[in-house]
Amino acid sequence: MTLTLEDTLKWLHGFDATVTAQKAYLSELDTPIGDGDHGNNLARGAAAIEDALGKQEPADLTAALKTIAMALVSKVGGASGALYGTAFLEMAKASRETQEVADLLAAGLAGLQKRGGATTGEKTMIDVWAPVVAAAKAGNLTTQVIDDAVQATKPMKATKGRASYVGDNSIGHLDPGSVSSGYLFSEMLKAGVTA
Amino acid sequence: MTLTLEDTLKWLHGFDATVTAQKAYLSELDTPIGDGDHGNNLARGAAAIEDALGKQEPADLTAALKTIAMALVSKVGGASGALYGTAFLEMAKASRETQEVADLLAAGLAGLQKRGGATTGEKTMIDVWAPVVAAAKAGNLTTQVIDDAVQATKPMKATKGRASYVGDNSIGHLDPGSVSSGYLFSEMLKAGVTA
Amino acid sequence: MKKIMNDPQNIVPEMVAGLVQAYPQYVERLPETEALVRHDKASMAGKVGVISGGGSGHEPTHAGFVGAGMLSAAVAGQVFTSPTPDQLYAAIKAADHGKGVFMVIKNYSGDVMNFDMAKDMADLDDIKVKSIVVDDDIAVENSTYTQGRRGVAGTIFMHKIIGAAADQGASLDELEALAKKVMPNIKTIAVALSGATVPEVGKPGFDLADDEIEYGVGIHGEPGYRKEKLQPSKALVTELLGRLKDEFKYQAGDHFAVLINGMGATPLMEQYVFTNDALNQLAADDINVDFTKVGNYMTSLDMAGISLTLFKLEDDAWLKGLQYPVDTIAWTQK
Amino acid sequence: MKKIMNDPQNIVPEMVAGLVQAYPQYVERLPETEALVRHDKASMAGKVGVISGGGSGHEPTHAGFVGAGMLSAAVAGQVFTSPTPDQLYAAIKAADHGKGVFMVIKNYSGDVMNFDMAKDMADLDDIKVKSIVVDDDIAVENSTYTQGRRGVAGTIFMHKIIGAAADQGASLDELEALAKKVMPNIKTIAVALSGATVPEVGKPGFDLADDEIEYGVGIHGEPGYRKEKLQPSKALVTELLGRLKDEFKYQAGDHFAVLINGMGATPLMEQYVFTNDALNQLAADDINVDFTKVGNYMTSLDMAGISLTLFKLEDDAWLKGLQYPVDTIAWTQK
């Protein structure tokens, strides 16, 4: 399936609403193994996206993805600002060549990996993005796939990001960035974008 | 009655013991209307007196009073260090002329008033020293006189010392320096020094 | 009580020992005292000495201000207890270089009496000693019949002005005249978010509920004039600056120096937010703020809170005094 | 949570505004950013710019170190959140005077990524940018397979050394080589008495009981390696210095600089007591301490606690770098 401007706006509005509603929960997840700001960071990002999309009314998919990316890059900060910002920037770039959902998400994932240097199994959002992209490519992305990927970060030991500082104590906690990435993809499905 | 070296040592040992035992109580009295250190200040003084008397074995009354004064002056600090130190210094000076208890205490009181500039009714230790000296001169100093003087500081409004900073709120609290002065004179009576 | 310390009874000598070990280029300890004298002896030659001191628990006051352009010596008493006269006397002797010694005393009966006794001792040595009693805390009612007002954070400005003048060769009489002119122009008021815990006591001097603040507190746990619910920074500024305004009756166009002082446990971030609100309000009132300082200067152990000091710059020379070069542990400027 | 603030969401811009209003002689704000650049432009001419930045809540870090001899510019992110690349890019542009810009980055994935992105942006302008990632916190296990160690208080020494070298005309390559040589010689470890409360969160990142401390905590509420009952200062020194000793394997006669850093709510009095114990122990080990600094430099909001940094002075030039003149809000020396 291809990603349209309209679906993208619907998708991001959904994501922004969820992230805003889950702000406290996301920050709470970030407390035992991080610095307790993931919810605040993303809520700031969500507000910035809403603001930017409202003001700029992007003309096409590329413009929309770039607007989202710039809002994230310039308003979030922290690891997640750089990562989500980079992912959407890479999706924007790729969208000039293809609008295929799986390809766009794959471009986002490649950007994430370049920026953060993490691979799967390190208890980061890569552990959600990678299986989601794989499923999208296979044409069978479901909420089940997403939820399983999120839950799978729980027993992992973090070796990248702030959670790595607590070593073995990171085991047994969900990775906050994976949970928010889970919201991102669930909201995509909810917006009617299938892959 | 005249003050002897022996009685003086007995008196001060009694005072030191009482002050040390009442350290927490005296500091507590100093908390609502002062800075909560009167007990610690005097306990430090008591230890210094014991130490100095132990080391120096004063040969006569004047030497003993001076030793006590110097221990107080150099180890206590705060208002009470200056005041008690001055009082004993003036008593030491006077003791070269007279050993009459009432006269010695009167000399101490004069020193206190010169040093602190307070008169009766300002909710300071003067409110115990002044009636005690008056009673001593009249030859009828009793624990009752002392206790009454101490209790009389309770309804007063402080206009000198730290307690004056709380203005009307100083009303209803015993003055800590008056309580410790009460100990001083009660211990004097207990040591067999009458006046 | 949770404090980084060993035996609370030794906290002052251990603190002084730490300070001297850390900063031997600034301060030296006088033998068997908690009195610290300036290391840079050359900077004192031929000048009036300036000393200060008081109870401990207000760090970096007073030892942090010993150095060229500020204090010649400082004496640390027990926590919240004025130093003893023998130690003050030792500081006077170390600070005297033939021109006499000026003492900056905070207005507490204990301090005043102990400094007085030290002066009496110095008199016997024919060392000329004069002094100023700092009483900048407007939270306390002023009256000639009482002890008067407390000396608090504004003391730092007095140290600076007197230190600069002494460094430029002012005589003892000139310093006294300057201090007397300056003093009524320095006023301070504070708000506390929590009480201070004296190490030997082990519990705070006053208690505040989780959502309570207290206006007008002193720097030794002295209670203030009103408790209320926690207010936003802007409202704190309205209350504190409002009181200062009433005292100064300041007019548009007046010139002031401002000191925003953290009480010990209040982070700089909060102090800067408060600074922003205070300076905005002063600008709205058309006040010229020619000099600002923000930080922990006159603390009260682990008390959380802040004080606001205004210094009315009636004389141009006073601003120059604040800007004059100084080289101490806690205040250095070119 | 009791803090002096207005809306927690605006705490960073309000803090930055307060800082700039208080100290216009040191810093200027770049339009529409929380990036501050040195006011004294002449001091930067013809030299490599040095920038740093990171989440807020560590005041006076980073803006407090902007000035001649130290940083050219600094960027304040949200509380405990690395700044965004556009603001870092603005700081790079302001700091560049034709010789390129050196970035001092603390080792957090967010910081590293955002500074990287800023460098990418500067590349498009042909501004040469190099950097060091500071990772001095030995509480964290080191490994090339992980994020590695955190950057904490030792960062201040890196700022100072690089700032001094840049001021003396070192090239970008020389600064990079210097930073790489210096970095493994700076190591830090901390102990907390209480957690830090992020204003927007409203409760502490971790809880400690009334008699509990935690060794090895980070500066963002990251938990440490062990909780135990409150210990005397001497015992804290034994634990923290013991860990540093193990890392450095130091020998009698070695030369070190020492930074004792308060975490925000810890009074100077306690810091000096700890300093005394630390310097006594180092002296007992026959270590030469050539430079000491004590105070709140790399704080963690309202956390109570202390960190101990040792910097092994393998090269005489490094001590000279620490002693080199500097003129900033938080570190001034002749």
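Note that the chains take the letters A, B, C and D in the order they are written out, and that residue 1 is the start of every chain.
Going forward, contacts are C-beta pairs under 8 Å (C-beta built on N, C-alpha and C of every residue); 3 or more make two chains touch, one makes a residue touch a chain.
To keep track of the chains, here are their UniProt names: A, B = Dihydroxyacetone kinase subunit DhaL; C, D = Dihydroxyacetone kinase subunit DhaK.
Everything numeric here is computed off the predicted structure, so don't read it as measured data.
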Interchain contact steps from subunit A to subunit C (minimum; 1 if touching) = 2
Query = So, what's the distance in Å between the C-alpha centres of subunit C and subunit B?
reply = 31
Query = For subunit C and subunit D, what's the span in angstrom between their mean Cα positions?
reply = 29
Key: Separation of subunit B from subunit D, taking each centre as the mean of its C-alpha atoms, in whole Å   = 53
Task = Mind checking the centre-to-centre distance between subunit A and subunit B? Centres are C-alpha means, answer in whole Å.
result = 75
Per-residue overlap in subunit A, given as positions that touch at least 2 other chains = none
Message = Can you list every residue of subunit C that touches 2 or more other chains, as numbers and ranges?
response = none
Ask   = Line, ring, star, complete or other: which one describes how these chains touch?
value = line
Remark   = Full set of chain pairs in contact is A-D, B-C, C-D
Task = Give every residue of subunit D touching subunit A within the complex, in rising order.
result = 55, 77-87, 108-110, 113-114, 116-117, 140-141, 145-147, 150, 198, 200-201, 205, 218, 220-223
Subunit C residues within the subunit D interface of the complex = 2-7, 11, 14-19, 21-23, 56-57, 59-60, 64, 193-194, 210-211, 213, 230, 232-234, 236, 260, 264-277, 279-280, 292-294, 296, 299, 301-302, 304, 306, 327, 332-334
Key: subunit A - residues contacting subunit D, complex   = 27, 31-32, 34-37, 40-41, 44, 73-83, 85-86, 115-116, 159-162, 164-167, 169
